[in-house]
Structures are given as structure tokens and as C-alpha cells.
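Chain nomenclature is as follows: A, B and C, assigned in order of appearance, with residue numbering initiated at 1 for each chain independently.
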Amino acid sequence: MTGPTSNPADELAAEVAALAARVRVLEDEREILRVLTRYGFAVDVGDADACAALYTDDTVIDLGPGSEFAGTAGARTLVEDDRHQAIVGRCAHTLGPFVVDAAVDGDRATATGYVRVYVSDSDQRNPRLWRIGYTTFELVRSGPTWRIAHRRSRSLGADDGAALLRVGL
Amino acid sequence: MTGPTSNPADELAAEVAALAARVRVLEDEREILRVLTRYGFAVDVGDADACAALYTDDTVIDLGPGSEFAGTAGARTLVEDDRHQAIVGRCAHTLGPFVVDAAVDGDRATATGYVRVYVSDSDQRNPRLWRIGYTTFELVRSGPTWRIAHRRSRSLGADDGAALLRVGL
Amino acid sequence: MTGPTSNPADELAAEVAALAARVRVLEDEREILRVLTRYGFAVDVGDADACAALYTDDTVIDLGPGSEFAGTAGARTLVEDDRHQAIVGRCAHTLGPFVVDAAVDGDRATATGYVRVYVSDSDQRNPRLWRIGYTTFELVRSGPTWRIAHRRSRSLGADDGAALLRVGL
């Protein structure tokens, strides 16, 4: 492992640098999972600004054929939609579990997993599973956090759903 | 980055200290999530002692207007309650996902997310979602682990539910 | 903390080694959770090879009295089973949350938690919870990843279900 020019101080410095890189991988995964969890919070409370801030300006949101949205305006549309506003405060978008894989350059990552949407009646009764799907997120590093650059979701039973899970398999 | 009095050994020592602090943040979050997951285990198996041990002595458990419990005695009451004992061994309290935020002093943290309760009939049939809510936990460091100092949960549809999710948004 | 023979360089090297061990614990837990999440992906897409690769050659899969499977052949059987093939692409096996505990030797670990299975009709309608259980996984280190050596699952309401959760309590 050590060449003729190595010395203990240099070796220790290299060890610390390698350890710092490993810690960064764990921190990146934590931050990515925070972004995906906060996406749920943003739509559950109906906050279009908070939701849009989680996406890149040129994001693509692909919820199936005929249900594609682009950019932060698209992200906002999904929250401001009448059908969504009707369930604000009585819905729960819970995402996960995920397999997160970072790209070689360290500034892009993919998260593959599941999304569930629950709703209750407005009198707090009758909690139920409303939708469940397979999902893949592509994220890019953005300063201290990450933003969603591409999101694809498919309900269980969709023809092209299994392909999403295969991204993380 | 380096001033006139710095030397490589001091710099490396400072780097290691900073890295140790980052690792501690990750370890704290792991331990907090373990406590919240083990809360589910404790109530599912109906172990009032194990449940109470997860709370601080002066904890406040706020499950909505008229449903507030205080201290480890209160935590115990929730487990020993007849309605809860009736579902022991056939219920699942699954918590998460959470956004965990540490306070500046490093000894307090907030976990914001979701709680779901499932039950099955005693013959193992008819598994179903029984309750789902938004939840916020305040935790304090306690030796090698963390304890719950304040817990608030609201069912989907409650007037003050969205405010809980905003803590983590 | 420092004996008569210690010097700053040796102390720093020891500190880095201890930190590396702490990081490895976090990395191991991450990898174990990836394996358990990818188990869900493998069975949801109906990939018997990918599923079998997650288990040790002599694995034991104990799903209850009269429902025990052994080895990678057993793991494969569960995926290739007609009843399972009937729901491929319209089911979701979501595992967690888990409490992960490593054995003292660092090469074995236990993950205790929950497993849920959802299905939808093949036209993507009627998403529903199909099964929910308590589960315990024993895993062993295998090169850069971990494999499942023993898996026990019980539906809510089973006589011996609570014993599984107690492993992680």
C-alpha cells in the first residue's frame, strides 16, 4: 500500500480524505431522503411554493401517459389543482423506502422506491389508501441540498411500472 | 484557508474534529429513528415499561383536544388502556418517514412525519389501516440515546394537523 | 486519556481509526436497508434470480408453520409460485421501518420491523393492503454487501408474532 515516498503524516491525511468522502455519501443520501419526505409535507399542506422549491427549473414530472408536467410551474400546477386542493390537510403522501444511488460524478443521484397517498374524510374518519405506485427520482446537487430533475411514477398494474423498480434493482 | 501560524498537523486534527462532528449528526439521527421505531414495537407488544422508558419523566403526549397525557405514567396509561390491550399482538404502529432536525446545542431534536396504525382480526384476517396522522416529536439527548420530551399527533383532517408538518417543512 | 508514551500523531491516528469504525457501522446499516428494500423490488417485478441473490445459500425463510423454505431454491420458489406470478407488476412489498443491530463480530446483523404487501387490480384500480406482518431478518456480511441468512415473518395476530418484534425492542 505504501510507496517509497510515503510517510505516516501523508498516509493519515489520505485516510482522512477518504473517510470524508464516505461521510459525504451518507450525508448526501440523508439530504436526498429529506427532500423526498419534505415533498410529501409540501403537498399535504398544499404549499405550492415549498413544493416548487424542491424541483429544478427544468424538471420533468412524468405521472403517466397524458399526465406530464414541466418545470416549477408544472410542480406548482399539481398542488394548485382543484382536485388536490380538495384534499389538502386530509391527505398523506408518504414516500419510501428508497434505494439511492449516486452517479460517478457525485452531483447526480437516483432514488427508486414507492409512493403512497392516503386520504381521510374531512371529519377525520375513514382513513384509506388512495393510490400506491412505483417511483423513480433523478436529483441533482444544488448547493447544500438536492433538487428533483426528473420524477416518474406509475400506479401498481401499469404496463411500464416494473421498469421503474428495475432502476434500483 | 491557512493562516501564518497553522501547520499541517494542526490542520489535520481540526479536519478530524469537524468530521467527527458530522458523523455524530448522522449517528444522532440514526438513534432518534431507532427510538421512534422501537416505540412502535413497545406498543404493538403491549409493553408499558419499554414504552415508558422511551419518554422523559416530564413528557407531554398531545393526541388532540381532551386527549393529553403527561409523564411516564401517561405513556404507560396509553399502553395499559383496555382498548389498546384489546389489539396487542395484532396491531402495527409504523412511524415515518421523518425529517429530523437537531437544535443548535446538539442535545435537542425535532422529528416531523407520519404515524400509521394497522390492525388485523385476531384470526390474522382482514388487515387494515386503522388510523393515520401527522406527528411531531421533540426529543432530548439522554446518555447514549434520546428520549421523547413532547409528542403531538393529529389525524388527517384535523384543523391543526397541517401545522405539525410545517415544523419539518 | 494520554499515557506517558503517547504522542499527538499516534493519538490522531487512533482517533481516525475509531471514526472509521463508526462510519462503517452507518455504512453497514445503509447497505442492509438497501438489501431489504431491493428484496421488495425483486419480488414486485417477479425476478427470481435477483431475489435469490439476496439470500445465503443455506438461508431459512420461515413464514409460519407449514410455510418454510430453504436455500436459494426456496427463495426462488416463492417468486416463481403461481399465486405470486399472478400479482407481479401490480404488487408492492414495502419493508420497514427497521431497527438494525450488529453482532459483536461486525459480520452479522439483525433487522427487526414490519413488512406490508399491497396489491392493485390489473387495471390499476382498487389499491389495497393485502398483508401486514412483523418480521426479523438475520444477515451476514458478504463482500461489499450483506445476505439474508434467516428470515421470519408473522402476520399480525399470529401467536408467535410479538416475539419477533421483541428481538429489536
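The rule is short, and it goes like this: contacts are C-beta pairs under 8 Å (C-beta built on N, C-alpha and C of every residue); 3 or more make two chains touch, one makes a residue touch a chain.
Worth saying up front: this structure is predicted, and the values here are computed from it rather than measured.
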Same-residue or different-residue interface between chain B and chain C, half as cut-off: different
Rotation in the CA alignment of chain A with chain B, degrees, nearest 5: 120
Chain centre separation in whole Å, for chain C relative to chain B (CA means): 22
Shared-contact residues (touching 2 or more other chains) in chain A: 9, 12, 16, 19, 23, 26, 96, 129
Contact set on chain A toward chain B in their complex: 9, 12-13, 16, 19-20, 23, 26-27, 30, 33-34, 36-38, 40-42, 44-47, 50, 88-92, 94-96, 118-125, 127-129
Chain C-touching residues of chain A, taken from the complex the two chains share: 8-9, 12, 15-16, 19, 22-23, 26, 29, 96-99, 112-114, 116, 129-132, 134, 155-158, 161-162, 165-166, 168-169
